[in-house]
Amino acid sequence: MSILELENVRIRNDADGRELVHGVSFALQPGGVVGIVGESGSGKTLTCRAALGILPEHFVVSDGRIRLDGQDVAGLTRRQWTALRGTTISAVFQDPASYLNPSLTVGSQIAEVIRVKRGAKRRAARERAIELLAAVRLRDPAVVYGQYPHELSGGMLQRSLIAAAIAAEPRVLIADEATTALDVTVQAEILDLLADLRRDTGLALVVVSHDLAVVAQLCERVLVMRAGEVVEQGRVEQVLHQPRHEYTRLLIEEHEAYGLERYLVAS
Amino acid sequence: MSLLEISDLHVHYRRRTGRLHALRGVDLSIGAGETVGVIGETGSGKSTLARAVLGLLPVSRGRIVIDGEDVTRFNQRQWRSFRRRGVVQYVFQDPLRSLDPDLTIEESLTEPLRLQGRRDSPNHLLERVRLDESLLTRLPAELSGGQRQRVAVARALAAEPRLILLDEPVSALDSANRVRVLELLKELRDAGTALLFISHDLGSVAGIADRIAVLHQGELVEDGPTRQVVTEPRHDYTKLLISSVPTLRKVVPA
Amino acid sequence: MLRRVLSLASGRIAAGILTFIVLLAVLGPLLAPHDPLEGGVDVLAAPSGSHWLGTDYLGRDVLSRLLDGSRVSVLGSVQVALVALVAGVIPGILSVYLGTVFEWFTLRLADTLIALPFLVFAVAVTALLGNGIPQAMLTVGILISPLFYRVSRAATLSVARSPYVEAAIISGASIGWVVRRHVWVKVLPPIAVALANTAGVGFVVVSSLTFLGIGVQPPAPTWGGVLAADLGYLSFRPWAPLVPTALIMATVWACNLLADAIRDVSGEAGRALLNSRAVRRRHVHS
């Protein structure tokens, strides 16, 4: 059974009546990974937010169905949503610094998640937090635990947020442009980390990026979104080899013409 | 003779915690009409390099020669008259902040012309970046990101520079606009303007640069023709960079 | 800017009150029905046909004194604002560009001026330079100038490192060019707000100084002076202080209202506000 399933999901802004996402469907198996490619305004982030139950004010899922672990989320109360987030579905976003309180240590914020979600005691939460920081391959996890967000680099912050996101052992993790603001080498490390987490813990991933190559590297299946529309959807190899939509071809051509690919082909 | 000749360039910043050695002995030269990509990640000193070339920060040691003139020890006045010759221009990363929000596109484009003492209208500049003249009366906030970046390029072209420094010029744009701006830059290159790309992402400049130079912690660790750097990197850091770039080829072997 | 301010109801009200006050200042002395300095036997009289607001303890017509005093009061506060503007804004902008020595010196000077107790300093300087409106207002203006220094410096700093200013410098722009073309427009709105606020403060200070008898020699009338005289005879004319108080308060309130209106319409937010209004208006008309 799918852990996360979207069925023809449409999202509308009730303030002006405009529909911003025109029908997204995909099913994510436990331990599976699906990618969404699109630019800002394509509706990819709104789709993710709908799956997390955190759509901005006035935005509603106007049609379709979202099932989380078999449960239709449409009728969930705020309290039920809160219980699901973290333990079943979790997320990391582009700008890690803005998701941490600058005046609290990184470790205490992760420990807080563990205490709230797992009901752990203070000492046990601290130990678990340090374990998690080690699991996201931060060197000296005990030191990082006591550091403040401004003392960490962007890559370290994003690792800490991944640690916080997986603290309550969710079954789905959404990574929305989680590596976009990072240096290329750090991006590669984070992508590796996500792949390893998936392999080791059976965490299912939704990887969202504007860069087709990032998504292609991690995912089995990919959705290409543009202006709220899914223009192409299928297995990665198929989308890359036989792109049917003009926009997908543009994304591939850009890499072929301006990226490293042309040299790699020659070699 | 090369257009830009940087030799043994050192730049220090004075910080409360001590001196920060941002550039350590960088040698780099760019010939007329050449396109070079300087690749470096956070803290590599790539922005420092650009700002030193533009005279926006003091050089601690070494020499910068632009178009045959040693600018290393220029004072403010000398810089100003040198800049008005318009040899070097700069295109910023963020198209939102590189245009004055209170000035219309026309006023922004007129500025570099007036500074050079020219009286002509900026219409021909918009044509060169394929934007419609009707945009002249707009404010930057009324343009899309791609349009703004093309205006920024047009602004740089006003001085008819022989060298343009570009700081991640396309990273804030979406695919369609990225391709459009890159095509525009290719045309400039073909017309004989030298381009110096500054980027953290080798993948984003490999397709346009003749040569790649890799900056790592203030030192130039690699400098060579793009093909050679990509296919036979010598320095370990360059190898790491190349293996880190996400490409479509890892999934689809050629 | 003015047009944008007047598009707000609060801006129109403030402008209306201030126009009235300025008219009073210009025409007041001409409109006065009696000589404001000439006393009479009829002291502390209640309002009547010939003395609309009654007479004071020397039998002088209160209405005439208020009308005549409006010029000095308004001019005084304008002078305070102008002195503060010149003494604050110019060093404020230049402190960003003229190097670290000038910056350090002006910053310390501003700190010192802020630390000085306001009225005590004013009293001391008037004692030193002689008692007169210009001396007193100069003092007050200089004491307020750190506000303008801070405001203009902060606004300049936020612009000075922006890419478009660097782009201008790379094209060969001088400091003067950058200030005229890019900085000035950004510094203007916060300064306008500070200026409107200061005019209000200046008004209170002028009034309180004249209330203390500093700045203006006793027989010459001002609003603060009239207020002081009225307060001395509360038991005879308990309602009398209300009139000069209302004038002072209305002016200060209008200045603050204007300051708020300027703040609301300046910058990106202000432009958006105006645009949305224009759009709505277009909708209404079509």
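Order of writing sets the chain letters: A, B and C. Residues in each chain are counted from 1.
Definition applied: contacts are C-beta pairs under 8 Å (C-beta built on N, C-alpha and C of every residue); 3 or more make two chains touch, one makes a residue touch a chain.
To keep track of the chains, here are their UniProt names: C = Peptide/nickel transport system permease protein.
Not measured: the values here are computed from a predicted model.
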item	value
Chain centroid nearest the full-protein CA centroid	B
Chains most often in contact, by C-beta pairs	A-B
Whole-Å gap between the CA centroids of chain B and chain C	48
Centroid spacing, where centroids are CA-atom means, of chain A and chain C in whole angstrom	56
Between chain B and chain A, distance of the C-alpha-averaged centres to the nearest whole Å	33
Contacting residues of chain B [partner chain C, same complex]	54, 56, 80-84, 86, 88-90, 92, 94, 97-103, 108, 111-112, 115-116, 141, 152, 155, 158-159
Contact set on chain C toward chain B in their complex	162-164, 166-174, 177, 181-182, 185-186, 268, 271
Touch list for chain A against partner chain B, complex	39-40, 153-154, 183-188, 191, 210-214, 216-217, 236-237, 240-241, 250-267
Parts of chain B lying in touch with chain A, wherever the complex brings them together	41-42, 174-176, 178-179, 182, 200-208, 226-227, 230-231, 240-252, 254
